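Chain nomenclature is as follows: A, B, C, D, E and F, assigned in order of appearance, with residue numbering initiated at 1 for each chain independently.
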Amino acid sequence: MVKKLKLIDSKGLRMDGRKPDELRPIKIEAGVLKRADGSAYLEWGKNKVMAGVYGPRECHPRHMQNPAKAIVRCRYNMVSFSVDDRKRPGPDRRSTEISKVAGEAFSSVVFGEQFPRTSIDVFIEILQADAGTRCAGITAASVALADAGIPMRDLVAACAFGKVQGKMVLDLDKEEDNYGEADVPLAIIPRTEEIVLLQMDGSLTTKELQQGLKTGIDACKQIYQIQKEALKRRYAVILEEEETTEGDA
Amino acid sequence: MVKKLKLIDSKGLRMDGRKPDELRPIKIEAGVLKRADGSAYLEWGKNKVMAGVYGPRECHPRHMQNPAKAIVRCRYNMVSFSVDDRKRPGPDRRSTEISKVAGEAFSSVVFGEQFPRTSIDVFIEILQADAGTRCAGITAASVALADAGIPMRDLVAACAFGKVQGKMVLDLDKEEDNYGEADVPLAIIPRTEEIVLLQMDGSLTTKELQQGLKTGIDACKQIYQIQKEALKRRYAVILEEEETTEGDA
Amino acid sequence: MVKKLKLIDSKGLRMDGRKPDELRPIKIEAGVLKRADGSAYLEWGKNKVMAGVYGPRECHPRHMQNPAKAIVRCRYNMVSFSVDDRKRPGPDRRSTEISKVAGEAFSSVVFGEQFPRTSIDVFIEILQADAGTRCAGITAASVALADAGIPMRDLVAACAFGKVQGKMVLDLDKEEDNYGEADVPLAIIPRTEEIVLLQMDGSLTTKELQQGLKTGIDACKQIYQIQKEALKRRYAVILEEEETTEGDA
Amino acid sequence: MLEMTEAVHELTRSHILRLAAAGKRGDGRGLEDQRPVSIQKGFVETAEGSARAKLGNTDILVGVKMEIGQPYPDSPDRGVLITNVELTPVASPDFESGPPRPAAIELARVVDRGIRETETVDMEKLCIESGEKVWLLFIDIHVLDYHGNLFDASNYAALAALTNTLVPISSKLGDGKDIPLGVLHYPVSVTVSKIGDILFVDPSLEEDRIADARLTVTTDEDGHVRAMQKGLEGSFTLDEVIRIISLSQKTGKKVRKTILEA
Amino acid sequence: MLEMTEAVHELTRSHILRLAAAGKRGDGRGLEDQRPVSIQKGFVETAEGSARAKLGNTDILVGVKMEIGQPYPDSPDRGVLITNVELTPVASPDFESGPPRPAAIELARVVDRGIRETETVDMEKLCIESGEKVWLLFIDIHVLDYHGNLFDASNYAALAALTNTLVPISSKLGDGKDIPLGVLHYPVSVTVSKIGDILFVDPSLEEDRIADARLTVTTDEDGHVRAMQKGLEGSFTLDEVIRIISLSQKTGKKVRKTILEA
Amino acid sequence: MLEMTEAVHELTRSHILRLAAAGKRGDGRGLEDQRPVSIQKGFVETAEGSARAKLGNTDILVGVKMEIGQPYPDSPDRGVLITNVELTPVASPDFESGPPRPAAIELARVVDRGIRETETVDMEKLCIESGEKVWLLFIDIHVLDYHGNLFDASNYAALAALTNTLVPISSKLGDGKDIPLGVLHYPVSVTVSKIGDILFVDPSLEEDRIADARLTVTTDEDGHVRAMQKGLEGSFTLDEVIRIISLSQKTGKKVRKTILEA
């Protein structure tokens, strides 16, 4: 018999002390990899994510080239030791699906028309997984895209919401995801509130969904601020490096 | 101990009441799929087969193109739930072999010289399998080729014969195939009686084989009539549709 | 408990009677395959190896072509029945690694600049394996390369040395390899003593290694003589064949 | 060739949008109309359950097979549901032989989630011996003819096949009588595509090809949302999502009836 | 490049047909002559049985390996026969590394059928423990040099290797003495190719390349037909098939003797 | 494009050789200097052990996972070591998704040999039940950023991760307390590349790209050589090999200290 965990206490707080609409702590650092054209490292609760971007570059294989614009491809990958039971290396069905929908989300913001026949390749490596890795990965990769200088109409920010023991909550952790009643990953374009990724499983009424989507959109906007600050810090470093270089010259 | 089934009764009749040289009931309907260039659905005893044809179309991969003529390719596929124990999806060694010999059989009737560098792709899907699926598939696919308007010197008709408890019989069903002494799938060009597919396993004397081949060729000619009737019904429908369309215009 | 085998006797001799620096018997016959451009069959102790070479020929796939020179590729393959427990056909990780380092060793002697955009393909088939198959394979393939008429600065000769029950020995057999303390496969260009392949596992002091390498280089030179004799016999046969042919004409 | 395709796409797109401005579609439907749904249960006798579903000209055959196997370590008392999609090359010139591509995997996972999350089948009933032996329930979705909107047609065929499934106790356990698998809930998906600013219920083949965004919403018999999947490069507003949910509930109710009565 | 090949094919074809009109072949044989067959049993000591067969310059090495494994559920009292062909790239510039292609699979299956259908090996003797443990009998066919007619050379090497096989009881069961596997029957295949209207027994490399149709007939020591396989895009008449069967019986008798005496 | 690359290679090569003639390197190092090594142990909590190693800008994350499985038949009393390398495409534009290519396999095998041959881990301690149940020890090497010399950085990260590993007794055996895996020896590899006639310790990315030959030597804390791997198309003289061994011993000592103290 599985002992029923009490995930929400009598004060309405969650096991880690968060309020229902409170995010886990998020830290982002841009520009952490030297080889990739852009990169970002993110910690979100216990999630640790590395994202890197290459491109625009010549698209291989050639039959995938689009003469009208760059194609945006994404590879979401869980590292074998990022979960409790070792995951066999290589894509499984879950990561193939996530790669697909994440790539579609990025396509909606990238100005690909400027780079016909090229690819923009986004790599998301989940180094340590709690729940919410796809939202964490999309959030990090979006910063990496900006760090790579890819022209975009805006960043993409992502966050999940769901229902746990009858309560609508934001940003589920692993226990909440395992024992909760619904999980809804969401990604938006913060400036316009357009929804570019939406998945769901569980059970929700229309009203619950409507409420959850509103809270989720607000949370994505909070995350957007964290993304922008990471990029600001990155630009400051770049400026500094450039000045130093000029000083050297 | 496997109980020995009595497959031929004292009157020389088989378990389903057929005479030794009697075919199972066969029904063919041409033009059942909308996307494929040609198609046919066939029921033959308990076999259910869907065949579809695409082409002539640009051949991929390019290195398979023949500058002198169209290549004819066949993919024979047993659907995972077409047999008692679920079959893993994808080609196994048996279906790879059948695809090869069936494709060769169709090549012998198609006028490929008219369409250099193209491929004609024949797909045989076994939806429900009793014995004799390769002959059923070839018979259906041949109608699908005609439905697709592929120029051919003739249809290909196919039927198996074999030996069951000492008796030469036509068109073995599953029990007969499992407990029989020989099985000989055969496909011919009915007009010329040329043999375009011939396989065999079991044990037969030359004389038995000679007799069996004659009966098999006759059976293929019966099947040829059923194929032609299916095509006639199909043309009638097409004509009707065209008249209706003209009436609309 | 594994009974400890006595691999070196009181007189310093090995189980098969060899002295520490003595090679197993080696026989090489060049030109044994008709289809390959060059070939050699080798027996080395209980090892039986067939090597064949094709090329220079147009390199496929094209993206591997080097516009400046021929690429040399090697495929080392252990036949499924060459070992006690049947090996699954196809490359495993060990044979992939050996193929890579062997190919690199051959690259160091082949004059590839004369044949841009081509490939020279070396195939090593281990038909029966005792220990030392990679050295046996390289030794055979080198003769096959010469038999194919590929221009080279020299042959490559290969031999392993190692340490068994405290003694440095040459050319370990299977028992010695299994129970020994170190194994060092080595391949050289005999004329210059350049080392083109070197691998090692076990435990050796610098001094032991230095001594072993010297003995190994000497052994490679002995093997070089056997390689050259095989080629001489081969040329004699070719000359004879040519004379016969002229006689016929 | 792709350039031509781009041009054709643009033409198709303007044609579809022109019609849609007048509330019409290429095949005569209104924007919120689903194509006719027909369900034929029990098409294949070798399967434990089967159904063929047509949604317009989209034609899908689903077979359910049951085998005995091991449970997952983290759910020792539950059967195992495995949903697989074959986009066979007979169904479309764009489908190729070989291992399933991302599109097939996404489709299989969305259908699977709809069935799984709605607890359509009582998976605990499929435990034979805790931690050792359970029923594996394979839902094999075989696409015969692709004319748009595979998500919904696959869902309908899969659900119908489950209602038609007999647990093969006699042949696989060797003892006892086959009993119906039974279905506890009826998850029904409805997919809506967006082209420009316009929503199209149950996209046709042409609409599928040029759609900007796609949202599949699976609801149960109580109208609760059980699964959603947004796809493609476009986006939806919050209001559009809410409207699509309501369209899904409305259309789903009709389809549920069709499946039940088939 | 393919166009050149077409031209070369045409030239080769007319040359072969011109010779054949006079009853001759490129290598001096008559139309019904097989190339010399040589069999070397026991080539590989690491195999439970092995043989190298040469048919002209075609050179094939077969190793038989035996392991302990599980029987198929539908034949719990029988060993399992697995026949595999490796068309290694050393044997021909047309063979590539990688998983077996259709030609290798067809070849393996035809050789397998010949051996299986003739009940060459008493598979019931290979049961160790009913339903649990049986011998797996692997016939691995390794093509070293391809010069036409792999079907027959593979069959000869496989049959010879089986006659040479010792069941590895001592090493694999750990107890007891190795005993000969034993062979109950001697299925021998003979392949005849058709070019134009002419039949060629045991096609050479050149004949293989341009043949219109191919028929492999496997007969046993009683002259009964045990397996057949027609290949390629051409066709045979009924009379041709009957004639090929008789050619196979005649030639097969001689080969059987060679294998037995090797 | 490759032609351009050739030209760039030649330019890089002459530049590197010109600097080297004066005992210098592009990044300011001397010929025998290793780049700075930094080790961060315990980076990933979901792994039984982990470490991130930087060697200059080369950045590698290693996770150790332990599972219960079966021993190999020929070593029933020993755990099983499995070393795997992922050259993920994020780490370099030259790495591609898909099954490991020869370079990744060579890298994994060289790191594995260093650890295995030095008996770094007491594999007999990892036997749970002779012949039945042992610990599988997975060393997963995940390359995040490739800037030259993966052999050494992988070795350092793997060794550091092993020193940091807890055997997950509580979660996997369900009973007892987790204990440190423990490390018996400290195999450290040092790689030296040869360009022209000059040896470069710890090749940078540029040096990796144009190197003629490469030798990796793994030594233990006693200075014994435990593994070697020569790579690339060039060659070494006997004297060069002996010199590289001595360079490896010297540099390895410093790195060993860094790993121990991390």
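A few remarks follow.
To be clear about the criterion, a contact is a pair of C-beta atoms (placed from the backbone, for glycine too) under 8 Å apart; a residue touches a chain by one contact, two chains touch by 3 or more.
Note that the structure is predicted; figures quoted are calculated from it, not measured.
Each step here moves to a touching chain, and the least such steps from chain B to chain C number 2.
Common neighbours of chain E and chain F under the contact definition above: C. Centre to centre, using the average C-alpha position, chain A and chain B are separated by 52 Å. If you average the Cα atoms of chain C and of chain E, the two centres end up 31 Å apart. With centres taken as mean Cα positions, chain F sits 28 Å from chain C. Multi-chain contact residues of chain B, defined as those touching 2 or more other chains: none present. For chain E, residues touching at least two other chains: there are none. If you sketch which chains touch which, the chains form one closed loop in which each chain touches exactly two neighbours.
Ring order of the chains (start at chain C, first neighbour chain E): C, E, B, D, A, F. The touching residues of chain D, when paired with chain A in their complex, are 2-3, 6, 102-103, 105-106, 108-109, 113, 116-118, 215, 220, 223-238, 241-242, 245-246, 249.
Taken together, the chain B residues at the contact with chain E in this complex read 65-68, 93-94, 96-97, 99-101, 104, 107-108, 184, 189, 193-206, 209-210, 213-214, 217. Residue ranges on chain A touching chain F, taken from their complex, read 33-36, 39, 46, 48, 50-52, 54, 57, 75, 77, 79-86, 89-91, 121, 123, 125, 127-129. Listed in rising order, the residues of chain F touching chain A in the complex are 43-47, 50, 57, 59, 61, 63-65, 67, 84, 86, 88-93, 97, 99, 138, 140, 142, 144-147, 171.
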